[in-house]
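Residue numbering begins at 1 within each chain, and the chains themselves are lettered A, B, C and D in the order written.
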Amino acid sequence: MSESKVASMAEAIAASVHDGDTVAIEGFTHLISFAAGHEIIRQRKRDLTLARLTPDLIYDQMVGAGVARKLVFSWLGNPGVGGLHAVRRVTEGASASLELEEYSHFGMVGRYTAGAMNLPFFPLRSYFETDLPIANPLIRPIRSPYGDELVYAVPPLKPDVVIIHAQRADEGGNTQIWGLLGCQKEAAFAAKRVIVVVEELVGEEVIRADPNRTVIPGLIVEAVVVEPFGAHPSYAQGHYDRDNRFYLEWDAISRDARALERWLEEWVYGVTGRAGYRAKLGEERLASLRPGSAPSGSVDYGDYR
Amino acid sequence: MSESKVASMAEAIAASVHDGDTVAIEGFTHLISFAAGHEIIRQRKRDLTLARLTPDLIYDQMVGAGVARKLVFSWLGNPGVGGLHAVRRVTEGASASLELEEYSHFGMVGRYTAGAMNLPFFPLRSYFETDLPIANPLIRPIRSPYGDELVYAVPPLKPDVVIIHAQRADEGGNTQIWGLLGCQKEAAFAAKRVIVVVEELVGEEVIRADPNRTVIPGLIVEAVVVEPFGAHPSYAQGHYDRDNRFYLEWDAISRDARALERWLEEWVYGVTGRAGYRAKLGEERLASLRPGSAPSGSVDYGDYR
Amino acid sequence: MNALERVAATDFSASEMMIVAAARELAGRRVCFVGVGLPNIAVNLAKLTVATDLELVYEAGVFGARPARLPLSIGDPTIVTRATAVTSMFELFGFYLQGGLIDVGFLGAAQIDRFGNINSTVIGDYAHPTTRLPGSGGACEIAINAREVFVIMRQSRRSFVEHIDFRTSPGNPAGANGARIRQEQGWLGAGPSVVITDLGVYHFGGEGVMRLDSLHPGVTLEDVQGEMAWQPAVAERLVETAPPTAEELRLVRDVLDPDGIYTR
Amino acid sequence: MNALERVAATDFSASEMMIVAAARELAGRRVCFVGVGLPNIAVNLAKLTVATDLELVYEAGVFGARPARLPLSIGDPTIVTRATAVTSMFELFGFYLQGGLIDVGFLGAAQIDRFGNINSTVIGDYAHPTTRLPGSGGACEIAINAREVFVIMRQSRRSFVEHIDFRTSPGNPAGANGARIRQEQGWLGAGPSVVITDLGVYHFGGEGVMRLDSLHPGVTLEDVQGEMAWQPAVAERLVETAPPTAEELRLVRDVLDPDGIYTR
């Protein structure tokens, strides 16, 4: 772990995300890097293909801000609240302008897995007797070489950039996550470039004390960005809760293109990075999201000399 | 977690392992259930198909004791020492009598994974330009439905019984492992019946304090057997070291069919279960294998109310 | 008085009746794939009443959840803390669901037909829809790989339709053609087996067609026929759903949804 | 005096020369798939000398190992404690190796031919062999998926053969046919690129044939020809391998293998 990969968010996004790239900000409900999404908006990236199982508020904001050309996804919504209205505005009706490439959850997981494993396809028992292979001709049947059974295949997904939020990493990018793991590991290994955003930068010895907890090795990481509350309004297990108030507020904001524009002005373009966003949210709001304590306990790896 | 699945090794093996079954005692170098293997020998099971990436000393002992009809494997040897002589005696020359079904490591891992996932095959980039698909016609080429690329497929492996040694489990069979994970999880999910053997039985609250550490859910576990040092002479991370002296000694024992028979008499048939084996090894020998301490540290899951 | 007004005249809500009816259908089931909202409450009610050994699996990657509060979403941190196991989605969908460990999966739907085919993708044309819905998520693999599927949804002429606009999840694969398809494709599951609505409960007959088996208290056959686009098959002995017991209502109101988020 | 006796007359062993030569070949490489024994010492020597940024990956599932003692096997607990990451074999073989992250894999061999095809399966007929060897383990996927492969083995007429008895791992896929095969099968790797023996060092030419490039101190071309079953291609400028430096020997003897398990 020789050199440090620590960078500012502005540096990391400028260096790794280019117009036209396929970008995946992953994390299933948990650990969604809103901080990175906002920086991409601020840097006015264009023509991005945004991949993600669940285009959440963050992609609704990015689509609303005009960075995206296309979505690759499996479930489109504001979880527990309703629809994504900025996305709906450009996908419904005669003037639908956002390209969609649609799978199921396991199909997306399989695509990242095939990408990570350098496989030309991933097989799964899904899609039988549905219209999904018609809507998306990249979902293709394949016969087993044993007994002629039919399954479906999805193609590998290898994003140019994958951005992962995590509880902690060391300077070399060795990253540990607990709580929901989603498909962050598969997505990161499938990526050409990985940016890790963390709540906390820790010493290498903290990572090395519990190597089974490491989800992403520094080997595949381009940059480590330290951004406490960087997943707000989503959550970071053990650090803060989902800020549900914002998920509810977004429903109203996103229904109105001009309200959305004002929100971006105020909370994205108008703040100085994530520090500005945190300051604007205020200490009290952030403190109200802190959970009580539920320690994992420690196990012993043994010292073998 | 209503009823307890705790059983004695004799009960668990009698209930789950039947003559003619396919049995996998998994664990890569780490956590190999010698205790279960010895009980299978003691109960004089016959015609077993033994599956395992690395038929180690335990399968050499089981083959020497006459329980096996066939091996399914990827690497045959006494790791760091040399060959498995009991296996060699029945696989070399004109009178070779043990059936072999041979893959590579990743092929075996892929077979368990396909078994666990109920897939009719698992694709991998292996076997190109080798004689393995000739030696084993179950290794078959398959064309990608994207761009016509060729990869190889292996068929699912669904053992009747998979036996896993672990550091700890609760009464319901929820099992936690740290250190090398091998392919125990994939093998266990592929199995019809799973026996978990543990160093330590812990309360449900210990497991629930660190749910990301759980490798095997009680849902798929038939029986939990408590057997400290049950992986000896292999090792259990944090509990004891590999007893390399025995790996070296076995080389000489297994070269001579009669010495092997005497060893089985003394250490398997002649002891009363694993407790007898531990007593015979002696406190001093066991104590010499204990490592120093290297704690993982604790993380906080947060209490969300 | 229309159906919903008549139901409103009882001392429980239509949502409460749906939840209670769904919970009762879980009797004897062991492992359930949980969605948030009505299914979450139904499953937890079953665990407290008819299926005390029920194990809950959340698609976010949680087995054996023990939530300390009502989860706000399917990935709420409260389902993680003190769970039995937390795992990747690869493993959850691959080993648990596709591996055949799930007895019952719950699905909602925007549209359903008499065969249990479900649309949760678009209303209108796929390329230029009038309404863009969430899409499959895990629904299509749940429908195929769970041993059986319970559908829970409100009933209307717009949702119980003759032809769905998009087939997101396959229906009940019974009948001769279904048997062939299932064998050729190695399906584990029986597809949708129960549909629970605010008006009644349906099961599927041998030919894979939805059959009305019970009407919730205060609902007539005419009410049901008025809220669907086809003439339903009706059980020979159409019964009235037993109303929620006092204990069921207490559990729903005091324990599972004290703020009435899902049940009012 | 034969070759090995002449080598013995130097102040370092043939094993030490092999290790040092192998370590030097790792200059500029970043990620190495480590086998235990000679490769382990070679890789660790490289990390202390010519490739200080080298990352070690063990097939047992360990990345960034920091062993506190010489590991007894490829799965020794000392490679786990204080490693950077420990993972399943599915992930290790799938994401790290097949995913293309490994620059160099090390293989041993019972037999090798001039194209670098390797046998570690059987001597004799497959069904009734005279010697049953370990088999592939990970060798066949390492040969295909590592960006390049270093072979380290002792040389003799029994091991450097005209025709190997079983092809466990494919050789160097250079030349026209190789290019076609590689594209059709999407190979990432260049196959075996270096063979280091107790007598010398070989690389592979454009046609994928092993070429003797250097002779260890005290070894002659005749010695080498005496220990292989074919007439080797020889570099235009055949050189003598630089003998181990005092520092290289100190590291091997005092730091990496103080008990002389692998190097005497």
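Methods note: contacts are C-beta pairs under 8 Å (C-beta built on N, C-alpha and C of every residue); 3 or more make two chains touch, one makes a residue touch a chain.
Since the model is a prediction, treat every value here as computed from it, not as a measurement.
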Touching chain A and chain C alike: which chains?
B
Going by the contact rule set out at the top, which chains touch both chain B and chain C?
A
Between the pairs B-D and A-D, the one where more C-beta pairs touch
B-D
Report back the single chain whose CA centre is most distant from the CA centre of chain A.
D
Here the gap between chain B and chain D, centre to centre from mean Cα coordinates and rounded to Å, is 29
Rounded to the nearest Å, the gap between Cα centres of chain C and chain D is 58
Whole-Å distance, chain A centre to chain D centre, using C-alpha means?
40
Could you state the distance in Å from the CA-based centre of chain A to that of chain B?
37
Send over the residues of chain A in touch with two or more other chains.
113, 118-120, 124-125, 149, 151, 178-179, 181, 185-186, 209, 212, 237, 241, 291, 294, 301-305
Got the chain C residues that touch at least 2 other chains?
62, 76-77, 80-82, 86-87, 94, 98, 145, 186, 188
Contact pairs between chains, per stated definition
A-B, A-C, A-D, B-C, B-D
List of chain D residues in touch with chain A within their complex:
31, 52-53, 55, 62-64, 66, 68-69, 76-78, 80-87, 91, 94-95, 98-101, 145, 186, 188
Which of the residues in chain B come into contact with chain C in the complex?
1-2, 113, 116-120, 172, 174, 185, 189, 204, 207-209, 211-212, 214, 217-220, 301-305
Going by the contact rule at the top, pick out the chain A residues touching chain C in the complex.
28-30, 53-54, 73-77, 79-80, 83, 87-88, 91-94, 96, 102-106, 109, 113, 124-132, 135, 149-151, 178-183, 185-186, 235, 237, 241-242, 244, 291, 294
Chain A-facing residues of chain C, complex:
36-37, 59-62, 72-77, 80-82, 86-90, 93-94, 97-98, 121, 126-141, 144-145, 166-171, 173, 181, 184-188
Mind listing the chain A positions that touch chain B in their complex?
118-125, 138, 140-142, 144-147, 149, 151, 153, 155, 167, 176, 178-179, 181, 206, 209-210, 212-213, 237-239, 241, 291-305
